[in-house]
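Questions regarding the structure given below will be posed in turn.
Each chain carries a letter (A, B and C) given by its place in the written order, and its residues are counted from 1.
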Amino acid sequence: MPHSSKTIQKKQQVYLFGTCLIDNFYPQAGLDAIALLELAGFEVIFPQAQTCCGQPPYNSGFKAPALSIAKQTIDLFSDEGIPLVVPSASCASMIKYHYPTLFEANTNDKQLALNLSQRTFELIDFLHDKLPYSQQPKCPHLKVTLHESCSALREMNVASTWHKVLEQLDNIELFFPEDRHECCGFGGTFSVKSEPISAVMTHDKSQNLLATGAEKILSGDCGCLMNIGEHIVFEKSAFKKQANPCLHLASFLVARFGLQHEH
Amino acid sequence: MLKTNNARSAILSRLRQGQHKVKAAIPFKARHFEADSIKALFIDKLHESHAETYESDEENWSDIITQIAQENSFKTWLVAKHLPLIEQACKTLKSSQNDLSFVHYDKDYEALKEHLFKQVDVSITLAKVAIAETGTLLLIPDKHEPRMMSLIPPVHIVLLKQSDIVSSFQQIVDQPPWESTAMPTNIVFISGPSKTADIQQTLAYGAHGPKRLIVIII
Amino acid sequence: MSTNFSQRIEQALADPQLRANFRGAMKFLRIKRQLAFSDEQEWRALRKQGAAIRQDVIQRLPELLIQLEQQCLQNGIQVHWAQDGDQANEVILEIAQNKQAKRVIKGKSMASEEIELNDFLAKHDIECIESDMGEYIVQLDHEKPSHIIMPAIHKNTAQITALFEKKLGIKTPEGDVDALIGVGRRILREKFEQADIGISGVNFAIADTGTLCLVENEGNGRLSTTAPPVHIALMGLEKVIPNIQVLPTLQRLLTRSATGQHITTYLNLISGPRKKDERDGPKEVHLVLLDNGRANIRQDEKLQNTLACIRCGACMNHCPVYTRIGGHAYGSTYPGPIGQVVTPQLKGLAEEGELLDACSLNGACGEACPVEIDLPELIRTLRHRRQESTSNAWSKEALVWLVWAKIHQHPKLYQQTTRLAAALRGLTPYIPSLWRKSRNMPKPAKMSLHQQVKDRSNIRKKAGK
């Protein structure tokens, strides 16, 4: 095949860290993240050797297992020129803010961790100013509510960016729930280890989100979405057999920008 | 006490084992308000805390006290002896009503307890200085105006000179002197009548201290 | 979690009145605090200052305490050091016995709750009455405080009205808070008059002037520390501050964080006993410096910021767990996030480490802390310490994480496990788990992200992209 006479623009590369939750339970959100990154003009590199960030054991108090998993991660995403984009504020926070502490005992690893930390971004925050807002296709009117996860709000500080992105979408109405910034009750293993408390928190959050009248509950964290969504579906009588209204922000944006999914 | 000396050395030795980096002192910036807004702010803040205020000038301030006396039928007054302003107030009160009685805090608390708790309706004290930012009076109890004067009676009246109102708490502490040798036994900052919200977060006044605080600004 | 802690939690969660009381109260306190800190910039600046002041204190603790002792002694305040609660109680008892004291009136002191002073004195036939309205109510009902600032926050007006009728034989009109406060005022006034000793806590102690600072709204603190002939102040040793110049910042942070007030009704500065020409005030003032584990905390670089705490209560007001289970469920003097951090350090991780599980690491506490204590990070660190120090290194959970790590360390093994889970997804409805008590168990995806990305890139390669 003859080469084109035009020079081929080299796209900027980004790593995608899919997260183990998305990988195993919500792969569509991961694909949608890739679609958005490509829409914004990036080449997405997805190292197949990626697994987990190590947060679940780390938060539970088990440093050694967390360390061995995290070591895998910092070694894998080693190219210092490539940003790491994560479709989850909580996993992004683990890598960005907790890896340096986790690796403090080893100088080399700590250096790698610090370097990775500096180029780690939550997905929506990374994309917020790179999306073609002026080219949105016509989409049906929709009422949505945004669940600002604790990691987005207090660790990654990206909740306001999520809000900003939604404000730039056409034909949607955005609502916020009562007790807007209260934890949904997921907290990783907290949802199981302190199940009675978690259940009550989850129920309150689910009620508050649905009371806004929104048709979709959006968030950038699959853990929260799984927690809220699976609770709503479980409580058939309390929530009038409502179908799962939860959707990852990436998937929502893909729909509103009219992107096709690759098969 | 031997026991506590052993405790002292044990505790200090444990404390000395930790990290011992010394940090630099932290600079502070006191807040200053415009002179003419100081009094207004001060009064606003007092009203917010349910205190009552009267403004007066150098001549008529004692008339305000007689007015308060008549409106409230306060009979027994707790006052200091030998303080010119207070003596003036008492003189004016005596001339306006002849059925008032005055308790002078010229004995020790133990001898006066009964009177203080059971008979006194109202006390008058001076304030050294006041803070506009929070609506606060600074009192330094002494041999003339002991502590209980501003604490036991159900009503406490304070006389304050307008020129003694400053902007902020920080301003007061940044000015000398605060040397240890000059520290009075007690300094009390009063910002309103006694209150509590311990019962279902509902505000109630006169929990243990005075139920009413009246400030006369001269 | 131990059965006891779990039980207390379930009891609390099942009590609609308790939950409503706490819900209302916490919301009220949060809103008041928000109003007091409405200026974002001021909040940030104050907080930074507050954190710096407290961290400086932690670093210089030994020298500041020595200076405090020197100045207090010069002022005529007697100073005692107590390594633990037992010693503190003994010191206080000795003072009481020297005075043949039978009646003690108390101002609010969480340190005294920590050492269980009231019970100790009662055992020695010394009556110890709480004078703070909330503490008095709680004492009347033989309970412990459920919040460090508002001790009776778990009770509503109706419950308190019923309590007064039952325990005091005094009936007040329904919903009449003023009447209830009036009852408390009358009864406690007598106690102030008759008490032999007044015991108080200390909010801050100024080292360079030998001054004890106490904040309050009611006036009971002032009465307890002025009326009786002897005043004993009990203080956690971390409460020392270098000089009076830092007091306004700390006071502004404390009162606004605790109750949303810019200043409390009274700020009382005590620098000595009654002087010869003075007419009231105690003739003897004692300061008891309490260690009880604090010096040990200071030795730990990662955990020493625990001592920065100024006991404002903002953390528990913002904690979604505390809001739902209330203070008593924690079963410790200090509840909520600060309790979860302090109690295991004072009483041992083995005994109290389970408190650390009642936390979702949501971060609301750290965000509200006026002296920037990173409470979530302290909880996380204590969870690490708990695991490192446990005698049960091969607990069920440890094994779970071991297996988790093995799988997630090895990409091939991880992907095989993922494929297996996907293949067996039909069995998901049968997996036992506490998760399923209130949620459906999500099924693993038919094809993982790894697989779909791989397929996609294969398709693209074939298409020559």
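Odds and ends about this structure:
Everything that follows uses one rule, which is that a contact is a pair of C-beta atoms (placed from the backbone, for glycine too) under 8 Å apart; a residue touches a chain by one contact, two chains touch by 3 or more.
Here the structure is a predicted model, which means the values were calculated and not measured.
The central chain here, found by comparing per-chain C-alpha centres with the mean of all protein C-alpha atoms, is C.
By number of C-beta pairs in contact, chains B-C lead all other pairings. Chain B and chain C, compared by their mean Cα positions, are separated by 31 Å. Each chain gets one centre point, the mean of its Cα atoms, and the points for chain A and chain B are 56 Å apart. Residues 18, 20, 22-28, 30-31, 34, 46, 48-52, 54, 56-66, 68-69, 72, 150, 153-155, 181-183, 185-188, 190-203, 226-227, 230-231, 233-235, 262-263 of chain A are the ones touching chain C in the complex.
Against chain C, the residues of chain B that register as touching in their complex are 1, 3-5, 7-8, 10-12, 14-23, 25-26, 28, 45, 49, 105-109, 113, 117, 133-134, 136, 141-143, 146-148, 151-152, 168-170, 173-174, 178-180, 183-202, 204-210. Taken together, the chain C residues at the contact with chain A in this complex read 1, 6, 9-10, 13, 320-321, 324-325, 356-364, 366-367, 380, 383-388, 397-398, 401-402, 404-405, 407-409, 411, 414-415, 418, 421-422, 433-435, 437-445, 447-454, 456, 459. Every residue of chain C that touches chain B in the complex is listed here, in rising order: 21, 24-25, 28-29, 49, 52-53, 55-56, 59-62, 65-66, 71, 74-75, 80-83, 87, 90-91, 94, 131-134, 137, 150-153, 155-157, 160, 177-178, 180-182, 184-185, 188-189, 192-193, 208-211, 217-220, 222-223, 226-227, 237, 243-249, 251-252, 259, 262-275, 277-281, 289, 291, 295-296, 298-301, 304.
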